[in-house]
Amino acid sequence: MTGLVTLGEAMAVVAASEPGPLAPGASARLSFAGAEATVAIGVRRLGHPAAWIGRVGADAAGRMIVGGLRAEGVDVFHVRTETAVPTGLMLRERRTADRTRSAYYRRGLAGSRLAPEDVDEELVATARLLHITGITPALGSTARDAVRHAVDVARRAGVTVSVDVNYRSLLWSKDDAAAELGFLVRQADLVFAGPEEASLLVGEAPPERTAHALTALGPRQAIVKLGAEGALAVVDGVALAQPPVAVTVVDPIGAGDAFVAGFLAAYLDGAGPTERLRTAATCGSFAVSVQGDFEGLPRRDELGLLTGDDVIR
Amino acid sequence: MTGLVTLGEAMAVVAASEPGPLAPGASARLSFAGAEATVAIGVRRLGHPAAWIGRVGADAAGRMIVGGLRAEGVDVFHVRTETAVPTGLMLRERRTADRTRSAYYRRGLAGSRLAPEDVDEELVATARLLHITGITPALGSTARDAVRHAVDVARRAGVTVSVDVNYRSLLWSKDDAAAELGFLVRQADLVFAGPEEASLLVGEAPPERTAHALTALGPRQAIVKLGAEGALAVVDGVALAQPPVAVTVVDPIGAGDAFVAGFLAAYLDGAGPTERLRTAATCGSFAVSVQGDFEGLPRRDELGLLTGDDVIR
Amino acid sequence: MTGLVTLGEAMAVVAASEPGPLAPGASARLSFAGAEATVAIGVRRLGHPAAWIGRVGADAAGRMIVGGLRAEGVDVFHVRTETAVPTGLMLRERRTADRTRSAYYRRGLAGSRLAPEDVDEELVATARLLHITGITPALGSTARDAVRHAVDVARRAGVTVSVDVNYRSLLWSKDDAAAELGFLVRQADLVFAGPEEASLLVGEAPPERTAHALTALGPRQAIVKLGAEGALAVVDGVALAQPPVAVTVVDPIGAGDAFVAGFLAAYLDGAGPTERLRTAATCGSFAVSVQGDFEGLPRRDELGLLTGDDVIR
Amino acid sequence: MTGLVTLGEAMAVVAASEPGPLAPGASARLSFAGAEATVAIGVRRLGHPAAWIGRVGADAAGRMIVGGLRAEGVDVFHVRTETAVPTGLMLRERRTADRTRSAYYRRGLAGSRLAPEDVDEELVATARLLHITGITPALGSTARDAVRHAVDVARRAGVTVSVDVNYRSLLWSKDDAAAELGFLVRQADLVFAGPEEASLLVGEAPPERTAHALTALGPRQAIVKLGAEGALAVVDGVALAQPPVAVTVVDPIGAGDAFVAGFLAAYLDGAGPTERLRTAATCGSFAVSVQGDFEGLPRRDELGLLTGDDVIR
Amino acid sequence: MTGLVTLGEAMAVVAASEPGPLAPGASARLSFAGAEATVAIGVRRLGHPAAWIGRVGADAAGRMIVGGLRAEGVDVFHVRTETAVPTGLMLRERRTADRTRSAYYRRGLAGSRLAPEDVDEELVATARLLHITGITPALGSTARDAVRHAVDVARRAGVTVSVDVNYRSLLWSKDDAAAELGFLVRQADLVFAGPEEASLLVGEAPPERTAHALTALGPRQAIVKLGAEGALAVVDGVALAQPPVAVTVVDPIGAGDAFVAGFLAAYLDGAGPTERLRTAATCGSFAVSVQGDFEGLPRRDELGLLTGDDVIR
Amino acid sequence: MTGLVTLGEAMAVVAASEPGPLAPGASARLSFAGAEATVAIGVRRLGHPAAWIGRVGADAAGRMIVGGLRAEGVDVFHVRTETAVPTGLMLRERRTADRTRSAYYRRGLAGSRLAPEDVDEELVATARLLHITGITPALGSTARDAVRHAVDVARRAGVTVSVDVNYRSLLWSKDDAAAELGFLVRQADLVFAGPEEASLLVGEAPPERTAHALTALGPRQAIVKLGAEGALAVVDGVALAQPPVAVTVVDPIGAGDAFVAGFLAAYLDGAGPTERLRTAATCGSFAVSVQGDFEGLPRRDELGLLTGDDVIR
């Protein structure tokens, strides 16, 4: 039985190696990214079977993504290969040591062609957890329908549904997002959101009020991600604050997805809310201590490394 | 007075640094490419004023392209910046030391939005040479119209017209290409083509027959590029063979455009056909001795370097 | 049903990035190597299910190896993790552009602890092909017994047995090797050897005589690998010569294993002897055109790339 | 009309890539540097036409400098090329992550040969601003005369004169510097100095007293650069303090020149003193967030990036 | 006369260049390490003759180590080359920016074969200082005997003996270590230890109490290294605290050995206890500001660099 | 007793890592070079004691040179450190894969200040061989006098004198060079020259005639270096031709000096003329197979590597 199933878009990432404006001759690092793929990898590294559903192109980028997921042990059996359009790509300029600016090549490309027929019903119905993000329904109408279909299958089968709001302003308007994301969150058991994202659904409020308001929409677990300030969760009506885990930051991207992965893996472990949050925060810190979105995620035997006394010998 | 004016598309290039299948963590080199931009740079390095007309996105890739051309002294006064779509990009896998495979992100993007209004009539009419390639009209109908318009302006002003056939099978069918390229070649004074490309216009034949057949369409100078075998030209009815100039190959891409640049620069110098071909072949060899499409192109004082006795001291 | 099963040792590789004597501050490239692992990857890239059996340490090198094989889609279900000793490692100095010198850290380490109990009998008995090399029995008595056991299981189940002689003079004496390898080759259906290796078993002779002599020991297919001169095979009594496939050499290591992978994959395809040899030679050339032992191996849709006219567009 | 004209020396920079003592085989990054060139680039990136006057050698370093300035859009029409001596160069050892030590190759080389005849009088007289530094007059008597001549032309034409004291103890004595710099500052409208530099002219005092004392020499705007503590300015008799803008430091070199560029660009914008200082501090922080002296300087649309909430999407 | 003699093991180091889990294709930096070799280099850079005794393999790693020490001016006249086994090696994964995890290849290899006959009695007897660490006796019985022999020779000749406890839990048990290290410390004039290490010998206590307790065993100088908190020493009965010297940390490994080198060099200078500690702390900070264990160590003329006002010009 | 003593200039080398025109952001490799230093290293690697006399600056480049020579075991006891001027430097642009162009920073700098007092008479008089090149006397009058003095001391002591003509047209005129080099060659026992260099002394002629003519000036051994064509020698009146040893070329610089080192080392071995030439050619090939001038030089146990069958295992 699969622990976690997720579906979404994964793109090639071309990230400038050094801070500064792009110039001819500059070097870059190739990898891939995708919020759902990162969550699948994170959950898998912590020991739970995980499957990722999506579409890639019949090209080097697509092979890099599928090979990368397979290296992690993520089930890619249901990934489809598009022959007509390439895999999406993002070009990241590191404008300064701390600030990146990206150009996206994704509209109409392979990942956005996700469709309901990609959702293997048995895979979803026999999983313990379905995780979706607010990015996927913004990719297009077939992708949106794929997400709805997956949620529908999961709910009918009694599978726990997790939603990370992940609002992307480049992809759709606040109104469209609020409508669709509200629809999805109301069917979810867990919801993750940043403060601004949450305000789309429940208006602006301090984090704890926000988390309570999210649970009022339906989910029994609502987690407000506060970035460098940690997180605030309401689980079964009880509010918990999680401070961040200190670490030297190498690449700030991917922290939020790592946080979700840690929380969900601990949930699948059967750990209590405090432990879920602590694992989540630890995963977030691991993610930012390494270049790339998913590369830094911890394996189970590494979770104690950041808070250990020193180097492991 | 500008020596050469050209118009077309330039794209960011992300080229894998090492041969092999792309994998997460691999490194790449960033630069830009575009047949017409390469020709403009090559002509400029050899001492003639050159202008490039095109569109880029309002992004890091677009700034890299414009800055790169400006560094070379190419006139970019008529480049437009698109705010709605990004600059095109190509991702090059170096599958082996000798073979690359590319994915293109260009359809509908900034470069393909070139349009007749981008063609500054005075710039073209006062140039000595207009150079176009068969890539630009394949990008879309407005780009095709821009090329036609530029050729029209040039001919009315008595400006020499150069066409590099440059057939790209990914962009249009042979039939469409043959029709449009035939139309353009008939108005040209110089035409460059590989053997296969030429066969679109004049059928298959040995290089010398091909060159003669191309001149029969109108141009007084027809040059058949034979890659590692050199080139065969018919100039004012006389056939000339040009052997390649020996060099260690570092990156085979860009040789054809460098060849054209060398030929056109020597033409602008007032050099005779033999010297034009020799300069062309020398430029082609310089191009392949350096990574990148345009980076290796020679300045005038470097032309003798490849055939010199040894290191310059 | 698995196409190919193989068993052996895989080690981390630390290969100096630049030619020259090692010096503090020099850079190196990390990867992994192992003749059998390379064959499994090569067969898998050409479309046949493949499984690799071996032991790795509970360390970063072991995780790199298992993840690397998994990325390729090789079945690593039967890989065991040793907690008491580290994964083997080899340090490669590139003394010149063409010559490497390696130090080995393998004696008593994880890979050498392979034992008969690692050989999953059902996996072997249901495969179409078992491939072994002369390296594994040289690692120690339990590894030797594992190989014998695998061959025994395969033969009882009617599974084709392939042996690559791969004599390693650092690991055992010529006499010990000749005895054990002779024992294995006599039970094989296919045998691969270099001229010197073959002489251990059948004495010195020209390649064709050598190949015939090898078939006289039992195998119906004997292939003598001649490096830069190609290969000479005797299949079902018929001798065939295979010239090498031209390519720019980047890293000469791994050619022999790639050759075997190509031959075996074509054999699994049901291709005839000529095609097997051609695929073998193509794979050998791909391997040397890329850094690393296995990284350059071709996928099925790439086999024509080296002999194609030019860059794929 | 040019916004800013400046004149001075630019040198090639060879900066060790990694901290530590130089050793054979170490890698370095090539670029160029020069206080005045950095100011010209910074002002140009913020939207004002800028010209740089200087001399380079007829060598690769000289071409790199001119091409680099041209890439930025800086007017290099009046740059002269010396054929008899090479372009200056500095070799930077990064002794630790925070401390660099440089060897200079500049005495008698191209940049130091700047002379009054290089100062195009029309260019200076029609600019809005002339910027000079205390480095140029220290390079030799012809360079000193060039600076005096430029200031003279500017003052006669009513062009605003800016002086950055920039005392370099390796180039001249305190006494010589105090005499010449005092002469220049008395003719300036704006003066920039560090506390120690200012003490050459007005004695030691706290920053605000120092700034007032500098204005007493003549300039209506005096800015004391305090490095990591920000800056203190007196503009039209009013003192203003500017705190630093927080940023992760990658390379501390170039901050002071970036600060000047920001101040002068805002002055050319017509912004008030507070805005001038804020832009100056922002530019200083951009400069240190990227390797190289000028590479990190912001364009106008990037000024808000450092203080923005997060990554631009 | 040699200032310092030391003996021990040096190993090749393969350290991943970037943080993150090892993956095929990752890059690494080659160097060497060894607590005693680092101390010898540190003392030599500060101006005192130093000799290192040890064994290396007849391989590239061994040559790298000997060449590296020779480059520093360390006397390697008594280094022996083992032909039967390779030089030891450690593979360092930088799991995050701050945490490394290493696999060791050292058991039975060249360095561990150190034996009493390697200890040149005249070299030791004529030195001013013998330095040993707790690592060497843990490598095996001959290495332990070599250390005992060296200490014996030194004491009989009146040479000052320094011991760094350096307990390595992977190599021996606490009980074995406590017995041998206690034996050595009792014969020492100086002893260095971390708090945990010291507790093996004198039980747990606050640093100052620990230092006093160590002197009670025999040494007149006992220094408790407190890492990022500095150090606490008791010298001739007087307790002194040393705060750390601020620096940007690039690679935390090697700080302890650098600290010892600084202390011993100042002791050889004839400096007083306060100066010894300050030099020690400065050396520790230099070490962590550069990649590698020994590369960052300061020369005498660099000692003021970290606390200087700014860049040296 | 020292085998070889040599004296001359060594400079830091900054060599662009990739072919192409220098551009901001390009990477370079740091090392050092000097014809005499390369010969000393080459002779030392082949087992003979060697000493180098010269001057370096009190800077990072000087420390790199001295440390580099010390790492090789070259005696640097008589190297002097100049405090007033920096170490010389050369900046190498790799214009194409095969052609480099260098800018030199050497006039008046440390290396050129070599003077007669640097020549330790006892060192020279007790050596077996003094090697000088035509570069050193071109550096200035004190350097010229140092060379003359060294030759004088050697001849009076009966030490064999070797001269490599090494004419550098940037440093002096043909006439000046012919006079001084002729003076030196007449006192030499061995002379090395390229065909063009030799023509300065004996006029133009085919290689064998040239070699005979050189011996007519005095030396009993005259070797004409023919680059990629090998070499032609006349030893004791007998002419011998040496073909080149095949190798993949990585960096063509340093071949001539490596050739000399090999010849001289074999001469010191007592090997006959044929063996001297073979060792010389082998060393030349090693040098060009590795980046840098001296880095690739072989140790004695590596001499057979290039002609061996394959990789050493």
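Here the chain labels run A, B, C, D, E and F in written order, and each chain numbers its own residues starting at 1.
Simple rule for what comes next: a residue touches a chain if its C-beta (ideal position, glycine included) is under 8 Å from a C-beta of that chain, and two chains touch if they have at least 3 such contacts.
The model shown is predicted, which means the values in this text are computed figures rather than measured ones.
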Co-neighbours of chain D and chain C - touch as defined: A, B, E, F
Numbering shared by both copies at the chain F-chain B contact, with half separating same from different: different
Rotational angle, Cα trace of chain A fitted to chain D, multiple of 5°: 120
Relative to chain F, chain with the most remote C-alpha centre: A
Intercentroid distance (Cα basis), chain B paired with chain A, Å: 43
Whole-Å gap separating chain B and chain E, where each centre is the average of the chain's CA atoms: 61
Touching two or more other chains - residues of chain C: 20-21, 23-26, 67-68, 71, 101, 292, 295
Graph class of chain-chain contacts, one of line, ring, star, complete, other: complete
Partner chain B, residues of chain F touching it in the complex: 18-21, 23, 95-102, 168-170, 252-253
Footprint of chain F on chain E - complex, ascending: 67-68, 70-73
In the complex, chain F residues that touch chain A: 20, 23-26
Residues of chain F touching chain D in the complex: 12, 14, 16-17, 21-32, 57, 59-61, 63-64, 67-68, 86-87, 89, 91, 93, 101, 103-105, 292, 295
Contact footprint of chain C on chain F as seen in their complex: 71, 247-250, 286, 289-292, 295-296, 302, 305-306, 308, 310-313
